[in-house]
Structures are given as C-alpha cells and as structure tokens.
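Shown next, in structure tokens, is the structure this report addresses.
Chain IDs A, B, C and D follow the sequence of writing; residue 1 opens each chain.
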C-alpha cells in the first residue's frame, strides 16, 4: 500500500527524533507511538521561560508540533506541517512536565489532520493544537 | 487613558526581551517597535533544525509569537496569547535570517488581534501567523 | 456561582434557537444539550450548494457555529464567538444529514474553548471546528 | 502554464457565482476580480440574524469563504477549501452592508493561502479570515 512501509512507526519515530536537533534541545522523550498516534513529554527548563515569567508559547507549540510530526510521519510517508493552530488554556511554569498526545482525525492521500492535547504533571490541559499536513510522495526516513 | 502608560513602547519591548530567556536563546534582535507594531529578526542555528533537515516549526512559531507579544504589550497593558495559528508557506534552512513583522488588526479593551509575517533574507514569505491575546488589567512591566 | 443560573441548559438552548432566524432557515434541530455540550443536526437543501456542486463551506461552518454557541451559552452566561477555525475533511452533498457535536475543552471565567465535530448520515467525519468565545458578564437570555 | 487557462478571472468568477445557490441566497455581488484577488459585498437581511440579535457567524464566514473561493479559483485551477479560520472583531447588524476582500499570500502548485478582510459600510473591520486551499489538477469551470 502506498501509505505504509515495512518500517514500524517506532523505528520511524526514533529515527526522526534522533535527527531532530531542536527536539533534542527541548529534551523530548518518546512515550508511545502508533499509526497516526504519538505521545511525548518534556520538562520545562529555565531557558524556556519568556518575559512574563511563564513558558514561552513557542516552546509549548514546539512540543505539540513534534508530537504532530511523529503522528503524521508514522507510516513513513513524508508529511510536512501546513496549517497549525494552538489555543493556550493555562500557563505553564518552570519545572512543569508537559505531555503532548497526538491523535489522527483524518488520514488522506495528500493531506492529514491531527489534534494534539498538552497536559501538565497534574493532568491539567494547558493547550489544544490542531494541525494539517501535506504528504509528499516519498519516504520520511 | 487606560490602555497606555508613560513608558514608551521601546522601553517595554527592551524590558520584556531582556527578561525573556527563550527569546535570548533564539538570538532575537529588536529592529523596530511602535504602538501595536514590532519587527524582530533571528538567524537559524544548527540546534534549531528538525528531523527532516529544515527549521523546526516551533522555532518559526516562537519568532512570530515573540513579535506578537511585543506588539500586544507595546502599550504596557499586560496581554497574553490566547489563540494563535501559523501557516507555513516555505521551508527555512540553516543560516537563514528570518524577520517577523507584527501588525495590529484590532486593539480592544480586553482582547487584541495581530498578524505576523515571517520573511527570509531573500524577502520570501515563509509563514503567516494570526494571534489573539487577552488583556489583563495590569501593567506588562 | 457566577457561571450558572437557575435556568436549565435546555431552556437556554430552546430560547436561543427560537430567536435565531438563520438557524431556523438552516433547519437546525436540537438533539442533545447539557452544560458545555450540544448536539444538533440539519439536512442539506438545494439552496445550500455552492458553485462546485457541494455544500457551501459557510453552511457547514454555520452548523458548527450554532452548536458552539449553544454549548458556550449553556450556563446562561452570555458568550460570543471570538476566534474560530474549521478544517474540511470530506465534501458534503445535497440531502446529506449533518450532525454537529460540541464539547467543552476549557470553561474559563472570561473565555471558553470548544471543539465541534461534524459527521454525516454515514457517520463519516466531514469537518472539525475549534472555537474560542469571550464571556460577557450578563445573562444569555 | 499549468496554473492558468484562457478563461479570464472574471469569466470564472461569474460562472462560479452563477452556479452557487447559497451565494445567491446571501445576495453576494461581485465588485472586483483578478488573479488571486476578489472583492464582493452583501447586505444583511432579517433571516441572517442569530439568537443574540446580531449577524450569525456562519453568514459572515460564508461571505469570506465565497471571496476566498473566487480568489483561489481565479486562474481556473479547481481549488477547494481545506483549513480556514475567522476572528470576529466587531458584531454586524441588520441592514449592514459587508464587503469581503480576498488577497493571495501564497500561490503554490498544490496549495494556496489567502486572507480575507470583512468591513462594514462605515469601513470598520468586522472580521479577519485566513484560508488554505488544496488545488485539484482540473479546471474550475
């Protein structure tokens, strides 16, 4: 089938994360992976705080975006982010541990739609992300 | 007036950027600032690259989000990001210099709406960001 | 409590729908209602088709927006749409019966965040909507 | 060129609007059209009012969506809405005359990005719309 490959979602995710300098800087850890699904976490460090004393929106977005990329590419079908949005429902603070869980809403031939929920260590939702991707016709790894 | 203060947009922007650890890590430089307006730039470093060899979406988002925050808070009226979206129209690469320009669409008492355009050193647009903020009733700095 | 009132979610929903000329034109029927929740349906008529022969995006959006408004205002706390987005995953056609189900993600004092899923009569998802509202400090009805 | 055809943007727009039952119901009039550009207007009627006594969000969205569709398809390259968002900055009322102006941000081979600004008869901005489309490889008309 055109949308799958012999390589497992886990193998793709590990390779993508391994090549991803920024996710490494963020300290992202892979918790779960599957077809169209991913769950990752990271801990907030001092370098990630903004001028208002809370976590920079770019850091929360980056976590969601990484979860989204892992879910999009889980079938080893190269997919790049196209349109994304994030709503922040609660501020995050230094040393918070944030978990992002990506779920597939639509898996089209050329496009995909995913939602990502970010929660903190008290299981409070801090952000909701929605992302669409465009699928290139080549392998992710 | 309730939406302004004696402190200039420049003084607010410099203080917010000065307190912002993540914007410092990104290497953000302030180019221009005004009421409801900001223009900043950054250079892409190796740490900002993702698993597909291009700039991590979180980095581009963070640049736009910082420009947005500076424009939102330019009247020293504490404003936090609420709902934001970004559409990526062109991939960015290592050593690209990205400029983000934020413009105010709506300056409400409790809310604000801004667009941010990101361009690269060849003046090609790489992303369009739209953000709404919620205004708290206190000073930003 | 400030966010509730003696009037039930059902009474609020019926009154809002009763006053809503455009929802009546659309032929919206209330299926379920609760605090922060609503489920409505409508049938696609000839007048709702666009120039490409499928349902006009504004009609699908309107259905989601009505479900969103009912969920937002379910505690009789007047709430108006602020930022909304919709991703279309499948085209809808003449005589399709579309169901919109709104769920509350965040119920803040001044703001709220909701998602709405639209499905057709074959239970295929046709759109995903995300909306934030701003809460005024008065009753909806 | 693959993205153009012998038919003018005006001929495409007139044909799309002519086939569009819902835009006709809305009373949309074409003011201007060009490659990647459109400007249309409509007057608010009693049937378009929601349960809060203001224009239903679906009506404003529909106007923006129609302007977006005309701009997307202006080169007669069939394009369908994929991800759209709208932020409402001011309520509209009965008999308001709303104008929607669509501008092209990105014209890609498979995708496009457009913004639409809605203003009222007092030239006040009432909404900002952002939309991405997916281009099929066939003619719009």
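Keep in mind that, in the parts below, a residue touches a chain if its C-beta (ideal position, glycine included) is under 8 Å from a C-beta of that chain, and two chains touch if they have at least 3 such contacts.
As the structure is a prediction and not an experimental result, all values here were calculated from the model.
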Selected interface, B-C versus B-D, where C-beta contact pairs are more numerous: B-D
Of all other chains, the one whose Cα centre sits farthest from subunit B: C
Chain centre separation in whole Å, for subunit C relative to subunit B (CA means): 32
Approximate Å spacing (C-alpha centroids) for the pair subunit B, subunit D: 28
Contacts with two or more other chains, residues of subunit C listed in rising order: 82-83, 85, 87, 132
Subunit A residues touching subunit B - in the complex, by the definition given at the top: 15-23, 25-26, 46-53, 56-59, 61-63, 65-66, 69, 78, 80-88, 91, 140
Contact set on subunit C toward subunit A in their complex: 83, 85, 87, 89-90, 105-106, 108, 113, 115, 125, 128, 130, 132
In the complex, subunit B residues that touch subunit C: 82-83, 85, 110-111, 132, 134
